[in-house]
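Please see the structure below; I have some questions.
Going in written order, the chains are labelled A, B, C, D and E, and every chain counts its residues from 1.
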Amino acid sequence: MKLIEIVFFFFAIQLLSSALVILFTRNVVYAAIALMSTLLGVAALFVVAGSDLLAVVQLVVYVGGVLILLLFGVLYTYRDPESYFEKKHVLLSIVTVVCIAGALLFLLSDLPFNYPQLETSPHDATGITKRTGYLWITNNLLVFEVVAVFLLVVLVGAGWIASHVLDKSKKDV
Amino acid sequence: MNILDHIQESLQYLAPEGMLVLALLAVLFADMFQATRKNAVFATLTIGCLLSVGVYVGYELFDRNSIPNVEFMSNMLVQNPVILFSKLLLIISGIIEIVFIQVYHYSQYLRERGETYMLFLAILLGCFFLVASVNLFMVFLSLELISVPSYMLVASRLDKKSTEAGMKYLLYGAFATGVMLFGISLIYGLTAGLDLFSERWILAFAAIPVFSKWIVLGLVLAALFFKTSLFPFHPWTPDTYEGSSWGVLNILSTLPKIAAFIFLMRISALFEGMQSYSILIAVIVGFSLLVGNFSALVQQNVRRLMAYSSIAQGGFIGMALLGGGDLSQQSLIFYLVTYLFSVPVALFILDYFEHISKGDAVNNFKGFGKKEPIMSIIFVLVMATLIGLPPTAGFFAKIFVFTSVWQYYETIQSPILLGVICVAVAGTVASVFYYMKVPYFLFFKEFENTVILTSKHKSSLVFVSLTMLPVVVLFFCPDRLMDLLKVIVAYI
Amino acid sequence: MIPIDYYIIVSILLFSIGSAIVFTRRNILYVLMGIELIFNAANINLVAFGQLDPYLNGQLFSMLIITVAAAESVVALAIVIVLFKKLNTIDLNEITQLKEK
Amino acid sequence: MNGLIPHIDVPLISADDISVLALTIFFMPIITFVLLFFTGKHILAPIRSWLATGVMAVMFVLSLYLHIHTEGEHISRWIWFEIGSLKFTASMLVNNYSTTMMVIATFVSLMVHLYSVEYMRERRNHSKYFPYLALFVSSMLGIILSDNLMITFIFWELVGLASFLLIGFWYEKDSSAAAAKKAFLFNKFADLAFVIAIMMLFANYGTAEISVLKEQVSITPLLNAGIFGMPILIGFMIWFATVGKSAQFPLYVWLPDAMAGPTPVSALLHAATMVAAGVFLLLKTSFFLGDWVGNLITIIGCITAVLAALQAMRTFDAKKVLAFSTVSQLGYMMMAVGVGANDAAFFHLATHAFFKACLFLSVGAVIHSMHHMQSHQFDHGQYKDLDTLDMRLMGGFRKKMPLTFVTYLISYAALIGLPFFSGFLSKDAILGALYDWATVSNTWTWFVVAAAFSTVAITAFYMTRQLIFIFFGEFRLLKTDMSYKQYFDHITESKWLINIPLIALATLSIWFFFSINPLHAQTGWWMKQSFVSGEHHVFHFFIPILASVLSIGAAVIAANRYKNVTVFVDRYVGLTKMFAQNFYIEKSMDVLLIRPVMLVAELCGSTDRWINHLIHGKAYFILVLAQCADVFDRWIIDGSVHLVSAIINGIGSFFRSYLKGNVQQYFYFTFIAFALILVWLAWYL
Amino acid sequence: MATHVLSILIFLPLFGLLGLLFIQGEDQRNYRWVSIAVTAAQLILSVYLFVEFKPEYFQFHSYDSLVYMEKGNWFQLSLGNLGILSINYFLGVDGLNLSMILLSSIVLFAGACASWNISKQPKGYHALYLLLCVSIPGCFLALDLFLFFLFFEFMLLPMFFLIGIWGGARREYASMKFFLYTLFGSILILIVFIVLIISTYNPAEMMEYVPSNAGYSILDIQKGIHTGELQDQSSIIHSLDLVQLSNPLNYLPTGLLGESNTTLILGYSIRTWCFIALLVGFLIKLPAFPFHTWLPDAHVEAPTAVSVVLAGILLKIGGYGLIRIAWPLFPHEAAEASWWVGLIGLVTIIYAALVALIQTDLKKMIAYSSVSHMGFVVLGLAAATTEGITGAVYQMFSHGLISALLFLLVGVLYDRTHDRMIPNYRGLISKMPAYSVIVTIAFFASLGLPGMSGFIAEILIFIGAFQSAQITGTIPTWMPIVATLGLLLSAAYYLWTIQRMFFGKFSTHATIDRTALTDITFSEKVLLYSLCGLVILFGLFPSLLLDKIGPSMEAWSSFFINMK
């Protein structure tokens, strides 16, 4: 077994087990930490797949942004200690996981995944970063710009919604 | 060709979208510097923009000689008469919605917020992109551009019901997006591309084993089914309808649906003749008809009733996706035209009645027909449109849809299609009952409400009458529109 | 190079665990986490398939997903906070005001 | 086009002078009717009555003129309406036959009009009386003149209408209202046969023109199509139509009840003319009456004659006795028609019209004075319910009203068939015809003859009974109520307006108006007229003798039986009870016909409700939901009652069952449903 | 004007409707004059039509047989492989609908007069009434089935609201029942129309509009279709033009109703099923046993004018539809089913008369009598001989007048006392003599007294039905014989009613306000007497009507005999 495979399996097991922790833990804070672990694992898989830039983006945006947001959410929605804990549905969860995974594995097991074959060898790390940037402002320029508009709208809209929490003058309906 | 030249060349086709973005920014700035928020600056800006976009698109559309069927922006979008026509529909629908919010003073919180118009414009922008997109990048992005502002609009009334509805809508939408993304990732792996409409992609797709081809495609289409509230992605609809304000519902039930159906229509055209695709849609549509019509039948609450009705209507429109031929496309667009005029009127009048009666149960509407005769009669007319009764274009819409399915059934003789037709017929019969339920209460029950009706609603009457007018006029000359559509759909 | 199937298996497992979280956990925050996991499962696939794509569509797409997911989380959190203020709970079992009567 | 219907050429014939005159006579009462009906109360009663009477007098004179000047047949025929190439004609036939009948009808009508002027003067509500009479006369003339069975049917029904209106004239009396309905319905029932006859005529010949049909029948005899062929059945149907109007067994029960109308009406409609219309129609269409139909007519006529006569023996209502007697005499006429003695039948019809009208009017005069007593009593504030028709309360009028007594006596003699009176001649003709018929036919026919002869005796019996009851003895009302004494003492002969018709009609009941030979009519001018196609009967000398002996004998027995009886007990046993109960005909009709119909109607009504329930799918739930006031609300709004909506509800609730508000259940639902669809699809494809 | 007289006739009330919009206020006077003026104008127009109509013998359902024909292409829709759907604005008059137009304008006018006292929301009432005035003549004049169906449905809605809002105590129930029944019927009819449109073609229009057929004659095209030379499915023009549909050559040989289609559903061909669907659809409207139960309820609850229109005209549309559409389009099936149709007619006659016999509600009794009399129409239709069919049309006409009269009379009583129960009245003659006279006339007219229009109709039906065994072979002779019982029964219930309500000593039920029982007013008298006058006029001089309609009906019958 090559080293890269070992690394792959390690991180795969790590991210899956962290994911299972989210599924089974009763404490929402633990879950947030486990989510971080999962996201890290995914980032590692990105590295294994040769996308260093994406791994970095994953760390910055997900771990640095989404996760923090979720933690804020945990804090904001604190009601009492009990509210952090909830009843588990172990059996149901396991059944769900097994069913979905089984079905998908069964359906996709013998598919000829026809991923692009290149004449040249895989990109090196710097090449990918550069090319990513190039592609974003050329071929995928439209996507890039629309995402900008999208984020602007989300920003304004989320502000509108959330501002209600700060608005003391409004009464709860 | 140099990529920069290509981008520069593509920009000319992006003028409508650009104008929308500019309007969005203008509203943003106006909102920032507007102190009172009471006057109609936002609305004026938005409608002005929509009108100018409409004129532009209309000019492009009817100056047909100059329209090429081109893909631009590195094969992200495509420009052709069908898309221009759909954009025209979206603009008309958009104008109706903005006017809807303006006319009715109960939509005050929506009318006076700049954010409403921004989110609305974002949704419209998303719809514009969705109808034109030929690449999964843009499909995904435009769907998000539609969905996320929708979540916010639904939640925007910020009371218990509204936030709950927004939350559910969001969770459901995010889940549907997740399913779609997973499907996209698999499709990408299977076909090595995201450029949905390219010949290369079609060939690659055709090579996938039948056994799983439709599963992945189904996963990809999940978000579109979600947007069009087709079975089994419909459960959000009743709750969202119950929770949000009518002005928002109006946006939700028209713009995204039109865009998503046009896109689905293009997909259908892409897969024309592939029986398996039709069967997938047929099953989805058949169940939608079943669920929508029969659940609506037992509703007491007009909001939920309209929700199920919208599921059923989705089913009826979806029937036009089955064939994939010219007639199907014509009938789909025809149906959408009817739909986009009638649904706002229905929602508007229900909104009006609901506020008079202070309740959204059918029971509360007793005897309004005598107090508000014209409004009620127009409501009956709308309901007739939705049922598909003369003298409204709804009648022809239904006929065309049924004809297209029948025609397709004659070619492939699949029992499933026959089943769909049967369910649709049964559903049409059932729809008479639930659509006529409200008129029944309006006209045949004695007025019980003690509220004195003092609203000055001349403008409302003008709005509903004018919006209903095209539906009635279309009944008398359906061939004009059909002939136009025949020319247009040839470009798909 | 890692065989593509491994990625797919991992992604499928991640997808199913994410789905299970979405389906079974009652707290909205868990559900949001589950959705993030589903997105990540798609990302893994995309990146894996995109390794050899000259136009890097996979990577670009997953970058798009990450951005959009973040935006969605923002909106979700905004609504969650308002919701909590209104209903004093974020347990989905208790948020059942809108339903079939 | 009508390839299968024999196409018979029906030529159109324009009216000649005679026909125009007949038409004029026909239209006169119609104009009178319209005029009087619509002016109503706006003109004074005397003007009204005299106008009607005057018109009638003119009509009588014109009819007489017409009769004298008519020779041969005058047919006129027009198109009534046409459907494309199909023509429906209307036609009129004037010959001696019809003019004779016209003269009789107009004369009796004139007499009745005169009588009515006085009789109705003091009664209320008579603004419609004369118009109704005019309507009746015009319809009667229509029947007489029409040469088309469809047109005949129109007037046939109009006669029924007029009789309904006149019987129900005193609508406030319940018996009157009921009798009017009964008369119309019984006639209507028989008229159904007329309708069927018309259908058959059109299907068989394509026309209903009597003269055309007559030719056709002479070309292709009836029996060509077998004894149950349609032509024979047409005859049967026409006869059955007359069973109602001419009051034959078993439909004659309406006639006694019809006496609830004013007495002049009874005289005109139910004695002289309307009931004769049936016989007259049969005579006109006698060429259809072949084979078994003739025998049937004879037998039914015989039964009618006997039964009605028996009933008359046990009736105390003065007018009903006469009514039964009418029925009985109609039986005679029918028997004559049945045996083919059309001349005899028509003769009897004519004589009967006069003497029966006279009888009615005479009795009517008596009743009129009884009525006076009642209304005097009433004026003095002592209203008592007095049956002015009950013979048991009468008596002794011979001295009070001698003229009436004499006229009654003459017509009485005519009816029971005493020599030197018209009835003797006509009855003799019928009996002779019957005898001839019996000699050539089988043995059972002798029963008919025997019955006919015994009826002669019975007739004499009940008529004598009535004679004694009314005119002899003491005034029996005083035995129960002496308060009438003063009024009875004041009774005098009637006014001359009443007396003139009595005298005229009584005179016409004497033999010499019909035949110089008082014992045999065969040589009389009546029978010599060419219009009746009867062969000359052999004169049987014993028949008039036997008949006279029988009637005189029966009259003597009756006189002895009743001359000293002063108290009558309504107690009958055995056969006589049957007589009094109308032989249970009415009862059996009630049990066998009316009640079942009502029962079936009730059944249909409940079926209707059940159909209602069935179609609404709630037959099953109806017991549970009987209390629900508003079924619809439940049916469609609650959606919980209806069978269909239960199914719909089932589907609906299945698809709504997961929508309990928890969004995760939505996920589950979506995921499972979607997975199932996709997997099924993968499997299916 | 002469070229568009039919359109003017139909759409005249729309101007009245516009006028209504400009009148304000709750004062009913202004509104009712609009209705009366409009219906009077319609009446004048239709009388003009009637007088000007020159009957000639033509083939039934041919363009030659129609006068004042208005035919224009409304729209043509290309439906891909299904061909081109062509809908025409096609109006025309022949003897059949001439009588119906005359009838409907008379009855609508009478109804407008009877709406005199509507005080509840008069504007809405008269607006709906005017809509009815558009759709009823439209329905009778339309010769394109699409147009027909449009007007047919359009009748439903105003009627629904008129019963449902201005009706009696159980109006919701009645209106909903009416609506559901007729909706069910119209769905059946619609299905047949759809089948018709996809399985027929219109050679005349194909010659005119399809460029590739230039130079072909109609016969060429028919030949081409039948030999398979014209195979291009997308250039076949489908239309619902009745004249074209009546030609058996115009059915696509491979279509659903084509000759080579031998598909059997439950043992019957599709043509048979289509015929049955049409039959049931129109029998519901007529109504015939067992589909009649909506009628008594609707009548009892409806306001007077609506009852008048309902009984006077709407029922006739059922019969009209059968005569105009079901029989000519499916003659063979009709001939085969005639025995059963005749039986339905027979049962309807007897059954409804029996049920009428036991009714205690005067209006319900009359409603059932309507059902019974419409049974004669079915019987005459089943006979399909010239006399039978003419009788059927005449019966529709005369029953329209008579039932209008009867319901107006019930309305008179109900207006005064709000009570229609027969046992609650006695001896009305002495209190309301003029009213009683008219009631008696109406009752006798309805029971088929000769001299009134009903008699002509019934006798023609009987004659025709009896002959049919010989000519058309459709119904046996016992049916008309048994049907004569209907005459007896109708006499029975009418006379019984007269006896109970009008004869006897005057007395009323305690709940009835005796002072309200006044005799009819002058204006009522004028209206009622003029209807009586019409009934008698058409009873004495049937040629007034039969001269006009006779040739058409004869053509109808020979058409049927040739086609069956």
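As a working rule, a contact is a pair of C-beta atoms (placed from the backbone, for glycine too) under 8 Å apart; a residue touches a chain by one contact, two chains touch by 3 or more.
Keep in mind it's a predicted model, so treat the numbers as computed, not measured.
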Chain D and chain E share contacts with B
What is the touch distance from chain A to chain E, in steps?
2
I need the common contact partners of chain B and chain E, sorted by label.
D
Select the chain whose centre, defined as the mean of its C-alpha atoms, is least distant from the mean of all protein C-alpha atoms.
E
Furthest chain, CA centroid comparison against chain A
D
Interface with more contacting C-beta pairs, comparing A-B to A-D
A-B
For chain A paired with chain C, centre-to-centre distance based on mean C-alpha positions, whole Å:
7
Just how far, in Å, is the C-alpha centre of chain D from the one of chain B?
79
Expressed in whole Å, how far the mean CA point of chain B lies from that of chain C is 26
Hey, how far is the Cα centre of chain C from the one of chain D, in Å?
98
Two or more other chains in contact with one residue: find those residues in chain C.
4, 8, 15, 18-19, 22-24, 26, 31-32, 43-44, 48-50, 53, 60, 64, 68, 71, 75, 78-80, 82, 86, 95, 97-100
On chain A, where are the residues touching two or more other chains?
100, 107-108, 113, 115-116, 139-140, 143, 147, 150, 154, 157-158, 161, 164, 173
Multi-chain contacts only, two chains or more: what residues does chain E have there?
172, 176
Output every touching chain pair, sorted by label.
A-B, A-C, A-D, B-C, B-D, B-E, C-D, D-E
Provide the residue numbers of chain C that touch chain A in the complex, in ascending order.
1-2, 4-10, 12-21, 23-27, 29-30, 32-34, 36-37, 40, 43-44, 47-56, 59-60, 62-64, 66-71, 73-75, 77-82, 84-86, 88-91
Touching residues (chain side chain C, partner chain B) in the complex:
4, 8, 11, 15, 18, 22, 28, 31-32, 35, 38-39, 41-46, 48-50, 53, 57-58, 60-61, 64-65, 68, 71-72, 75-76, 78-80, 82-83, 86-87, 95, 97-101
Within the complex, chain E is touched by chain D residues 1-5, 79-86, 150, 153-158, 161, 164, 168, 171-172, 174, 176-178, 180-181, 184-185, 188-189, 191-192, 195-196, 198-200, 202-203, 597-598, 600-602, 604-605, 607-608, 611-612, 615, 630-633, 636
Chain D residues touching chain A - in the complex, by the definition given at the top
671, 675, 679, 682
The answer for chain B against chain E in the complex is residues 325-327, 369-370, 373, 380, 389-391, 396, 400, 403-404, 406-407, 410-411, 429, 432, 440, 443-445, 476-480, 482-483, 486
